Structures are given as C-alpha cells and as structure tokens.
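Order of writing sets the chain letters: A, B, C and D. Residues in each chain are counted from 1.
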Amino acid sequence: MSFNDENESATLLINCMDKKGIVASVANFISSNNGNIVSLEQHIDGLKNMFFMRVKWDIKDFKIKKEDINFEFQKECGEKFEIKWQIFFSNEKPKIALFVSKLSHCLYDILYRYYSGEWNVDIPLIISNHKDLQDIAEKFSIKYEYFPINKENKLEQEEREKELLKKHNINLVVLARYMQILSSDFVKEFPNKIINIHHSFLPAFPGARPYDAAYNRGVKIIGVTSHYVTEELDAGPIIEQDVVKVSHTDSIEDIIRKGKDLEKVVLSRSVQKHIRRKILTYNNKTIVFD
Amino acid sequence: MSFNDENESATLLINCMDKKGIVASVANFISSNNGNIVSLEQHIDGLKNMFFMRVKWDIKDFKIKKEDINFEFQKECGEKFEIKWQIFFSNEKPKIALFVSKLSHCLYDILYRYYSGEWNVDIPLIISNHKDLQDIAEKFSIKYEYFPINKENKLEQEEREKELLKKHNINLVVLARYMQILSSDFVKEFPNKIINIHHSFLPAFPGARPYDAAYNRGVKIIGVTSHYVTEELDAGPIIEQDVVKVSHTDSIEDIIRKGKDLEKVVLSRSVQKHIRRKILTYNNKTIVFD
Amino acid sequence: MSFNDENESATLLINCMDKKGIVASVANFISSNNGNIVSLEQHIDGLKNMFFMRVKWDIKDFKIKKEDINFEFQKECGEKFEIKWQIFFSNEKPKIALFVSKLSHCLYDILYRYYSGEWNVDIPLIISNHKDLQDIAEKFSIKYEYFPINKENKLEQEEREKELLKKHNINLVVLARYMQILSSDFVKEFPNKIINIHHSFLPAFPGARPYDAAYNRGVKIIGVTSHYVTEELDAGPIIEQDVVKVSHTDSIEDIIRKGKDLEKVVLSRSVQKHIRRKILTYNNKTIVFD
Amino acid sequence: MSFNDENESATLLINCMDKKGIVASVANFISSNNGNIVSLEQHIDGLKNMFFMRVKWDIKDFKIKKEDINFEFQKECGEKFEIKWQIFFSNEKPKIALFVSKLSHCLYDILYRYYSGEWNVDIPLIISNHKDLQDIAEKFSIKYEYFPINKENKLEQEEREKELLKKHNINLVVLARYMQILSSDFVKEFPNKIINIHHSFLPAFPGARPYDAAYNRGVKIIGVTSHYVTEELDAGPIIEQDVVKVSHTDSIEDIIRKGKDLEKVVLSRSVQKHIRRKILTYNNKTIVFD
C-alpha cells in the first residue's frame, strides 16, 4: 500500500477464536457505513483455532464518527464474535522515546528517518545510562536525560524514567542498543510497547556478548533479532530477524562491524512496522502483516 | 496455511475495478452459504484502481453444489462488480508436462517432488528436443517424447506437441531448462500456463548465455527468474527471482554451477505456487499471494 | 578457479604456528621444483597465532615425483616450521558412502550431481536403517545396505557398517538426513570425514524436531547447518549455514518444506567443498577457503 | 584480519601476466627483509592469464625504509615479472570528499562511520548542487560547498570543484546519491577514485528512475550497485551489489524506502573496502580481496 495515503484512514487489528462469518461481519460493518477498505489481511492459526485480521479503510466519508467507532463496532461485531481489537487513526502521531547507551549506529539511523520525514512520529526524548551520546542529541535538539544506573538506584531511576515517559505521553519505547536490563516492573507497564534489538539470531546466543560467542562457535552466518521486551530476557515475541554471512577471515571486530549494519536496519524496520500498525502479538509470537 | 488440508476446499481468484463492498459481498456469499473461510487476501493496485483477491474456503458443508458455484457467484457478486474470476477445487490434480533439453538438474528436482508426494499432481509426459534425458524418464517410468526441432520442422513439431498436450489434458507446461524458443502460436494457446526458468536476473541479460554475460560484466550477484511465457522472449510476468553472490574467484563454470542450484529451486517454488493457486496476473505482472 | 582443470594438480592444506617466512618457504619449494601455483590462500588466526594455508599447483612438469613429495616437503619446509599438512592429487577420486533414512530430498540432490558428472567421485554404497529409499538406489544401480538399528544391536550393526566402509575404501561418509545418532566409537574412526546436515541454524535448536521448535518460538528465519560429526551431538565444526525467511503464514509443514530446499543444497555444497579440498579444521572450527 | 592492527603495516596490490615464481619472489622480498606477512591473497584469471595479489605485512622491523620500498621492490621483483603495483601504509589517512544532492540517507550513514571512529579517514569537504543538506553538514562542522549546476555552467563549476579537491588533497570522491552526471574530463582525472551508488541491480535499469522501472517491470527483487565511475554512465567496474525482495504489495514509495536501506549500506561497505585497500580493477572488473 502506498505510504503517503492522503485521506485519513482507520486501522483495526483484531483477534478472536475462529468462527464462520467474521470477515463478512467486519467487512459489512465498514462498507455499510460507507467506508472503503484499502487493505485487508486475515490469518488463521489452525493449531490454536485463532483468527487474526488487519483491515484499513478510508474514513473520509465514514458515517460513524471517530469517537463512536469503538462503541458501534462492539455492538455490531465485537460482542457476537468475542473480538479483541485495537483501532488506530492515521493522523495520530506515535510518540517515541529512545533508550541508548554508548553505541551510536542505531541512533543515527533513527535520527535520519525522523529528520528526513521518513517516519511521521514525534521523538521528544532520549534516555541514557551514559553521557556518550549527549552531543548527538544536542546537534538534533532532542532532550537527552541522563540516568546512571547501578544495582542500588535501578528501581528508583526507572521510576523517574517512567514519570518522564508519562509526562511526554510516550507510547513506544525503542531500545537502540540500550545496554541495561529493564526491571520486570518497568516492562509490565509497557506490554508490546518496548522494542529491543538483540545482536544474535535468537534463540542462539541470548544474553551478553553474543558476537564473541558466535565467533567462538565458528558459525558461518550471524544474525540479529528485534523483539518486544517481556519479563524474560531476550525471550519476547520476535518481530524481525536478519543475517549476514561471515567466514574464518572475519575477526571479532569484523563481526561486530557487520552486525551493526544489520542491527540498525532491522531495528528501524521493526519500529516502522509497529508505527504502521502491522503487528499483532499472540502466544509470545507476532503476526506481522505485509 | 497448512499444506495438507483434509477437507475439500475451493479457491477463488478474483480481479476487477475497485469499488466499495466487494470484500463484504464475497465474504457474505461464502458465509451465508455455510462455507468457512480458511484464508483471504486482497490487494489493491492504487495506481490502476484495480482490486485483486484470493479466498479459500472449506466446502464440506457448503450449501451450493460445486457445479453450481460459478452460476451462483456470478448472480450474487460477479455481475454487480464486473468481476473476472477463476475457481479451483482442491481435489482436482493439476496435469503437468515437462519440456527438457540436455540439462537434468531441474528435472531431478521436479521428479523428487513428484515421487516423494510433495506435489499432488500428475506428470504423464516429458517432451524434449534431445534424447539425453530419456534414460532418466525411463527410470521413473514417465513417457518421454522426442521431437527434434529445426527451422524447417518447428511449427509442424509444435503441432504434434500440442496434440499430445491435449490428449493428456495438460493444464501446465513447465520448461525445465528447455533450450528452444516456443513459437507465438504455441504460446498463445497456453496463456499463463507455461512457466519458464531464465538463468539471469531479468531484465538483465535476457536471451542466450546470460552467465557468460554476467561473468564478462563482472557482476557480484547472479540471479535467476521464473516467469510465465509470453510472445516476447523473456518478457512475461515474473513469478519469482532469487540470487547468489559471486566474486572474482568464480570462473564461468563456478557461476553456472551456482546458478543451477538456484534455477531448480526457483522453478519448483514457482510451479508450487501455481498449483496451489496463489498467482494472479495483471498488466504483465504477477500478484503472488502468500 | 576453473572446475575442470585439465592438468593434474596437487593441493596442500597446511597448518602450524605462525612464523616469518612460511609462505616464502612453501612457494619456493613449489616454484624451485618447476611447479606453477594455480591458487594460494593463507589465513592467520591472530588470537591463536596460528597459520593456515591452501596452495594448489600444476604438477605436470613438477620435478619431484608424486610419491616423493611428502618426503621432500617435510625436509624442505615441514621440519623447519613444524607444519602439519595433507596433500591431495586431482586424479584421485573421493569414495563416498551415503547414509539415509526415510527422506529422499538430499539423496536425489546428490544422485543428480553424481550422475550428471558435476561431481567426480565414486558412490559405491548407500547405508540405511530403513528400506524406504531402496527403490531409488536400485533405479540408479547403487548397492543399498539395510541395517535396522535398535538399542540392542546398535554397536554390532555399526561394526558391520564399518567393515563395509573399509571394504569399499570409503573416505567420506555423508549423512543425507540419516535419523540415527552414530556412536562415539564410530565417529572417532572417521575424524573430519563424516558430514551431517542438521535442520536448524546451530547452535539454536540442536537435537530432535528443530522445525517444530522454530515454529513454536516464532522465529522469522529458519536455517540449516552442515558440519563435521564429532562425539558431541550437533556440536562439530560448522562447514556451512544458510537460511530462509518464514512468517506467521507458514505452518510447520511449510517450514519443513522450505527447510528441505535448504538442506539439500547446503549439504551438497559442503560435500563439494570437502572433495575440492577447501576445508581445514582447527579448534572445532573450519577454515573454508574460497 | 583484525581491523585495528596496532603495528604499522604496508599493503601491496599487484597485477601482471602470470608466470612461475611470482608469489615466491614477493614473499622472499618481504621475509628476507624481516617483514611478517599478515595476509596474502592471490588470484589468477585463467582466461586472461593474469596474476593478481594483495599482500599486507607488518613493517615495524622491516629493514627497508618506507621511502625506499618502491625502489627496492622494483629492483628485486617488479622488473623481473613486469609487475604493476600500488603500495599503501596503514598510517596514511584517506582524504574523502562527499558529493550529495537532496537525499540524506547515505550522508547520515557515512557521517556515523566517520564520527564514531569506524572509519579512520578525513572528510574535509561536502560538495553539492543543492542547498538541502547544508544544515546537516553544519551540525557536524564539515565545510559544505554549494555548486549549482546547469548546462551552461557545468564545466566551469566542475573546474572549481576540481580545484577544491586538489586544495584538500582529496584521494577519494564518494557520490552519496549525487544526482548529476560528471563530465568525462572530471572522471578522467580520478581513475578508480570516484565511487558511485546506483539504485538498481546493474546492468538492469541503468540511468534515471530505476525504481520506477523496476516497479513497472514487476520484478520480485530490487538491487543496488556500487561501482567506480568511468566515462560511460553506470558502466564502470562493479564493487558490490546487494538486493532485497519486493512483492505486489510494495508501492513505488515502498520500493524507494527499501532501496535506500540497501544503498547506504552498500555504498559504505564499498568505501570501506576501498580505504582498506582491498580492491584491484582490471578489464572493467574488480577483484575485491576478502
């Protein structure tokens, strides 16, 4: 679908048990109210008998007012099929906070997409446990909040971070090679709203120093994995993975360098899918619509 | 979707001008007649304002008899939206003829899929302009018809080939590295029913000896392209492409060898998408549903 | 390098501690005896200070007789640098035994390469713990030896298998999706001479049913790994890996099918690198020269 | 090899007609003068009977002074084998000028590598035919020279650009999506010293608007190509190519966005290979050592 749709659109992400008639019911809801479907994708998990759907429609001439859609949809479709859904409107800008540490490659990549207009988002805030990248934030006039973390102050600092996120109405946290593990309490407050990039092909090499581990095992391909953060480390729903070939001629430094080129692109692609409302999670897995 | 659906299903491939209500109308047709949608994908070409859809449903308890579906669908949906459609049923086995010349890699790959049961098809016939691969056909007890081709006898031999194809009710011709150009007359009789594998990344290097051309140009990646055959050489709708890296250390022989590994897999994947009714063509392009 | 070199060549695979002058010494040995170097690649593992080299030279006019090369090389280069080496001559055909179980995709792929002449090897023997693939072996007139394996008879059956391998002078065992774990005793007798294909991206998902595990974890890419077999399961030196993208639309059956297309190509490429004498192992890793 | 070699090293890039004894002669030159070879790769183009080699050695204890190496190498090896060579020392920083127009993705990618220290180079100068990216240059305190180009002033403006390049001792020009064709006169002065990124998989879609052409042809993979600029447009020696899959769901905007992610990474990788002295050109092709 075209990235720059001119008319305002609504996107509905749906999941429920599979039953006959869901597609027809939802499609009727939209077209009988004068909405024009721009794209519709559905998926059935045959093993779990679950139904998933993403539908996007032009709401320029839609007969139901935006603020009433939830109520009307529940009445006409939601109740009958016990649907869980989320609805998004194309003119609402996602508000993103970046968490960074010392490495700048993901930060530059995201800043490019933000400043060039590739992403239609707000990034009011960068949070870091180090001061290293402050000067980059300043070049681009983004607020940089420094929260040094140690065992003693971790929960307290996270409280202050959460306040900042609320103050800025952040609805997506992007860990752009943030080298700290977030506490369970923090993670629980942002379900499916924290995206991390892990520098291995999960589930291989979770945890610290995966490139060293890959080098030592003598793998011939290295990978990176973006995922929603859950309480268990590096075990959340995978959004995207990508790989690059390595060989005996690659030192650990070469592997790290090659990996960085993957990390930034895979992280940014995942953020983009999230903000285009392409992702549903279920059963610790993602459904990423096209 | 699961490959081995147990119940019989129908698959509808649809295209028409985009209008409001098509998805709802088709989904209603299915669910109001007690069909259960297994998968539905739709696509809109915004530039051309064209609507495309693939929908597959379980017809075990469908209220309309198979032989009446075309009539009823036309009445309920087709007329209103001026839809063009094709319908396929899962218990109808595609009938495939293979055209080969001297190279055996694609032939072995297809024979594996046929004999191992990966493909639920009939392959009653191999046609060739050379005798080289006859012994392989004999090992697998497939009829091998030898039609030597030269400028003088070409049209006449093609007539005999067409008779054979009709006699065996062939509905898909697979050119498994067949080293002859089919005449326009032949091609016209099998629109979107002849799949070829070309050993270059089209539109680069059409025509003869593409690997030599790739070597001479010093490309760093070679590719292959499967496509439906149309009257213009190597210019039909592309079904699938894939690539492999090469370097200065690769001789032409190395490139040919690497290319063969791509050719066989890409050709077979394309045939599989065709026989699973995943492909629509429009405007010399394909829509390949997931 | 060209695959079909016409003149006979020797290939030397070398490893030792890195010291000044090894390349010069070996190159002098070859050129002062009228050999012409066709290709030379060296590699230094800086962390371990180890030196590795592959050099191939035309021996048509070489002044040292083939049977004397080992002695002369030891005298001139080997002693001085404490080199470990292997030498191979291009007119010696590798003798390969295939171990198979029930799945035929790797077997077909190898048979194609054997019968089409892509590989210049002998394959006198297929060993299996099942009868399923016997008819394919018969079509191609290869001896098929059936050894059913259970806990009680395993070591005894392996003894008989080893006798057969010796009788046929087998110097490479290829496990073409052989679904039995070889005993330590068996493995020890064929160091770096047994190649296995494991259907996961190792070290992720070792052991049984890796595709199911990949499906359940929700990975977005699946992989396969070829490696030399060592006593520890799925932990030997990795020769090659490759991957393919999957998505939520892929059922376990789809994943298995996509995986098979990788398995056969990666296994065959690894065998080819082995028989072209491109692989050195060191420290449970491989050096795979170009 | 390790990226951060601590000792100073010399890198020699060699080509000549293939003869017996070249490797031995060069390796002797290095080791007899107390140099330690860090890496050596050679390649023979069998069709052209040409010999190519890259050798890098530690010169900390080398007996020949840096300024005398050329003379001594010519005397000992160069004359005898009629070798053409270039020599580089690891402590000489490449001086790079960037040419840009309106798109910023390649610029950001390069700035990241420069400022993070991934590249050990100087970038004193950005030249552009538009003012759009001036503010980015200013953020990073790089001189931005604006040269608007039209048919009338082109050669004159290029003269001024060349003066600037000389003034800054530039030895590599990187066209980071520079949307102007350089004149033959300009190109001739910088043989194998201008790297361009073309946004197609050359030789497919040379010239303007390749993504539109790819969309219209319905290809299933798009690519990008980095190459040295020669007088013929988009026809110079290819350094690197890479690709990404596209489908019918991708609009032209999607294709452009996916392509940008490739362009920046491929351009930067090519520059890196150039500045690490990994590339030899011959016969309008490149030899890119590992």
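Quick note on the criterion: contacts are C-beta pairs under 8 Å (C-beta built on N, C-alpha and C of every residue); 3 or more make two chains touch, one makes a residue touch a chain.
On a predicted model such as this, the values are computed, not experimentally measured, just so you know.
Engineer: Counting contact pairs by residue number and requiring over half to coincide, which of A-D, C-D or B-D is equivalent to B-C?
Structural biologist: Duplicate interface of B-C: A-D.
Engineer: Could you compare the number of C-beta pairs in contact for A-B with that for A-C and name the larger?
Structural biologist: Between the two chain pairs, A-C has more contacting C-beta pairs.
Engineer: Per the centroid of Cα atoms for each chain, what is the distance between subunit A and subunit C, given in Å?
Structural biologist: So the centroids are 42 Å from each other.
Engineer: As a quick test, compute the distance in whole Å between the mean CA positions of subunit A and subunit B.
Structural biologist: Each chain reduced to its C-alpha mean, subunit A and subunit B end up 36 Å apart.
Engineer: If you look at subunit D, which of its residues touch at least two other chains?
Structural biologist: Residue numbers touching two or more other chains: 1-2, 43, 46, 247, 249, 251, 290.
Engineer: Flag every residue of subunit B that touches subunit A in the complex, lowest number first.
Structural biologist: Going through subunit B, the ones touching subunit A are 1-2, 20-21, 23-24, 27-28, 30-32, 34-44, 46, 245, 290.
Engineer: Give the list of subunit B residues in touch with subunit D in this complex.
Structural biologist: Contacts found on subunit B: 43, 45-46, 52, 201-205, 217-221, 223, 237-243, 247-249, 251, 284-288.
Engineer: Which of the residues in subunit C come into contact with subunit B in the complex?
Structural biologist: Result: residues 1-4, 104-105, 108-109, 111-112, 115-116, 118, 139-140, 247, 249, 251, 253-254, 257, 261, 265, 268-269, 290 of subunit C touch subunit B.
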